[in-house]
Amino acid sequence: MSTKISGALHSDEAQNLAEASAKAMYARDAATQALGMTIEKVRPGYARLSMVIRPDMLNGHASCHGGFIFSLADSAFAFACNSRNQATVSSGCSIEYAAPGLLNETLSAEAVEQSLTGRTGIYDVTVTNQAGKLIAMFRGKSYRIKGEVIAGADATA
Amino acid sequence: MSTKISGALHSDEAQNLAEASAKAMYARDAATQALGMTIEKVRPGYARLSMVIRPDMLNGHASCHGGFIFSLADSAFAFACNSRNQATVSSGCSIEYAAPGLLNETLSAEAVEQSLTGRTGIYDVTVTNQAGKLIAMFRGKSYRIKGEVIAGADATA
Amino acid sequence: MSTKISGALHSDEAQNLAEASAKAMYARDAATQALGMTIEKVRPGYARLSMVIRPDMLNGHASCHGGFIFSLADSAFAFACNSRNQATVSSGCSIEYAAPGLLNETLSAEAVEQSLTGRTGIYDVTVTNQAGKLIAMFRGKSYRIKGEVIAGADATA
Amino acid sequence: MSTKISGALHSDEAQNLAEASAKAMYARDAATQALGMTIEKVRPGYARLSMVIRPDMLNGHASCHGGFIFSLADSAFAFACNSRNQATVSSGCSIEYAAPGLLNETLSAEAVEQSLTGRTGIYDVTVTNQAGKLIAMFRGKSYRIKGEVIAGADATA
C-alpha cells in the first residue's frame, strides 16, 4: 500500500499517518482535552494547537498562569514529535515569556521540528495570541521510546 | 512594630510577611486552586507545594502531562519569589524530567531561592513523588515588577 | 542627517549603526578575537559569525569542547543584541547540541532577534558547519543596561 | 580485586576510578588545558575546577565573555559525568548569569550530579569567584555513549 521513494514515506501517506496519530493521541489525552485545546493542524514534524484562556487559568497577577501557557506549548510539541507514529516523550523543555496572556484571549502554539537525529529531536514552539502578538517561546527536547502511537500503523503499513 | 537589624527584617516579621503574602496570592490564584495544589510551607525565598495527579492530568502516554508537573513547579516558584511581598513575575523557566508522574501520586515541589540581585532572581524547584523519587528539576528566573502582593504591608509596616 | 519615520530609524542609518557598533565592539572584545571569530554579517537584530575549530578547542572525546561552540553562539548573540548601539548583556542562555563539531570544520552562528520588549529580548542562534549541517541551537535572553556601544552615536545622531 | 557490595562499587575503588578517569580525560582535553583550568577535586558524580580570568577572556563590556564562564562550567560537568569511566557527552545545557566575572578573578565551578537514570543524567554546576560570590548557575543534561574513558578499567576490573 505504501509508496516509499528513496527510503522516505510518500507525502500523502506521511500526512495521513500524522493525522491518524494526532487523532489517536488526542482521544486518550485527558489533559489536552480538559484544557479545551483544539488541534488546528498537524503535519509530519509539525502541529498547531489553540486554547482559550479561561478564568480558572488565571494566577494571582490576573494573567494566565505560566503552567497553562507551558501546557499548550507542551501539547503542541507532543503532537509534533509523535506525528510519525513513533512513541516519543519529552526529556526537557524551556520557556521564555514575552508578554502576559489575558482572560478570554485565544492562544495558538505552533510547534516546528528543528532537528531529529537518532532518538532525539529539538522542537521550537511559538505561542501567540489572536492578534499575532508573541506571548512565549518554548523549546522542547524529545526522546523516542519503544512503541507506536497507533500499534501496527507503522511506516510500511 | 518592626525590628530591623542591619537593614534586614527581623526573622519573625519576614516569616509573617511570607505567610500573609502566600495567603493573599493563593486567594486570588484560580489556577493553583483549580489544580488542587496545597501550600505545605512558605518562608522568605522558599515554598513547598503538593498536588495529587488526577485522571484529567494524564496525557496520551498515561502519565502526567508535563504541563501539570510544570504548573506545580511554577506555582512553587511563584510563591517563593513573591514571599517578600514584592510583586514578582517569571521571565522564563526550564524543566528537565527524570521520571514520569503516575495517576494518584502526590507530587511535591520545593522551591529554593538561589540568587537575588537587583530585580532578578534564580530559583530551583525540585519535584518528587510521595516516595521521594525525583520526578523533575525546574529552574525559574524571576523579575520584580512594581507593586506589592498585599498593598501597604511592606517591609517597614 | 537622520530620517526618522514614525519613530523608526531609516533603514540605511540603522544598518550603518549596526556595522559601526559591531566594529567598535569587536575592537575591544579580546575573547572573540582570540578565538579567531570573523563577523560575516551584521544587521539590526542580526549577526552571523564564523570560526574554525582549532586543535586547542578539542575536548577529551576529540570533538569541539562545548564551551567553544557556546562561545561562538554567544558572540553572535552579543553582536546581534548590541546592534542598535544600546549596551546590552546576556542574562542567560541555553544550548542544545545536535551533532559534534570536528577539527578544522568552519562553524557559522546566525543570531536572529525573536522578541524585544522593554529592556529584555530573546535571540535564537543556529550553529551549522560548512556543509550546512546543524551542530547546535542556542537561545539567549538579553538585558539592556545603561550606556551605548559607541558613546554619542545614538539613534538621533 | 573489586569489592562489590549490593551491586555498588566499594567507595575507595569508585574514588580511584574517578581520579584515574579525570587524569586520562584531562591529558587529552586540549581545550580545558589551554584555558588554564585546574582540577581541584573529583569524586563519583562530582568535580570542582578553577580558572583565572585572563585578559584574552574579556568581552567588549570588559567582563569575562560568557563563553569562558560556560566553558569552565561545562568542563566541570564533563569531569563529573565521566567520573564513573563510562564515556558520556552533553546533550544540552543552560546557564544563568548572576554577576559578571572580572579580570584576574579566580572562578571555581562545582558540578554535582542530581539525577542519573538509564543513559541520561542531570548535573548542576555553581560558578563562584574567590570571594564566594555567585557568578553563574549552569545545568547540564548528559547522555552516556558507548565506550569507556579508560578502556578496560571498568567497574569490575
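Here are a few things to note about the model shown:
Each chain carries a letter (A, B, C and D) given by its place in the written order, and its residues are counted from 1.
FYI, a residue touches a chain if its C-beta (ideal position, glycine included) is under 8 Å from a C-beta of that chain, and two chains touch if they have at least 3 such contacts.
Values in this document were obtained by computation on a predicted structure and should not be read as measured data.
With chains reduced to the mean position of their C-alpha atoms, the one farthest from subunit B is C. Centre-to-centre spacing of subunit B and subunit D amounts to 30 Å, using the average Cα coordinate of each chain.
In this assembly, the C-alpha centroid of subunit B lies 34 Å from the C-alpha centroid of subunit C. Under the contact definition stated at the top, the residues of subunit A that touch 2 or more other chains are 91-92, 94, 96, 141. Taken as a contact graph, with one node per protein chain and an edge wherever two chains touch, the assembly is complete, since every chain touches every other chain. Contact residues of subunit C toward subunit D in the complex are 24-26, 28-35, 55-62, 64-68, 70-72, 74-75, 78, 82, 87, 89-97, 100, 149. Those residues of subunit D that touch subunit A in the complex are listed here as 91-92, 94, 120, 141. Of all residues in subunit B, only 94, 96, 98-99, 114-115, 117, 122, 124, 134, 137, 139, 141 touch subunit D in the complex they form.
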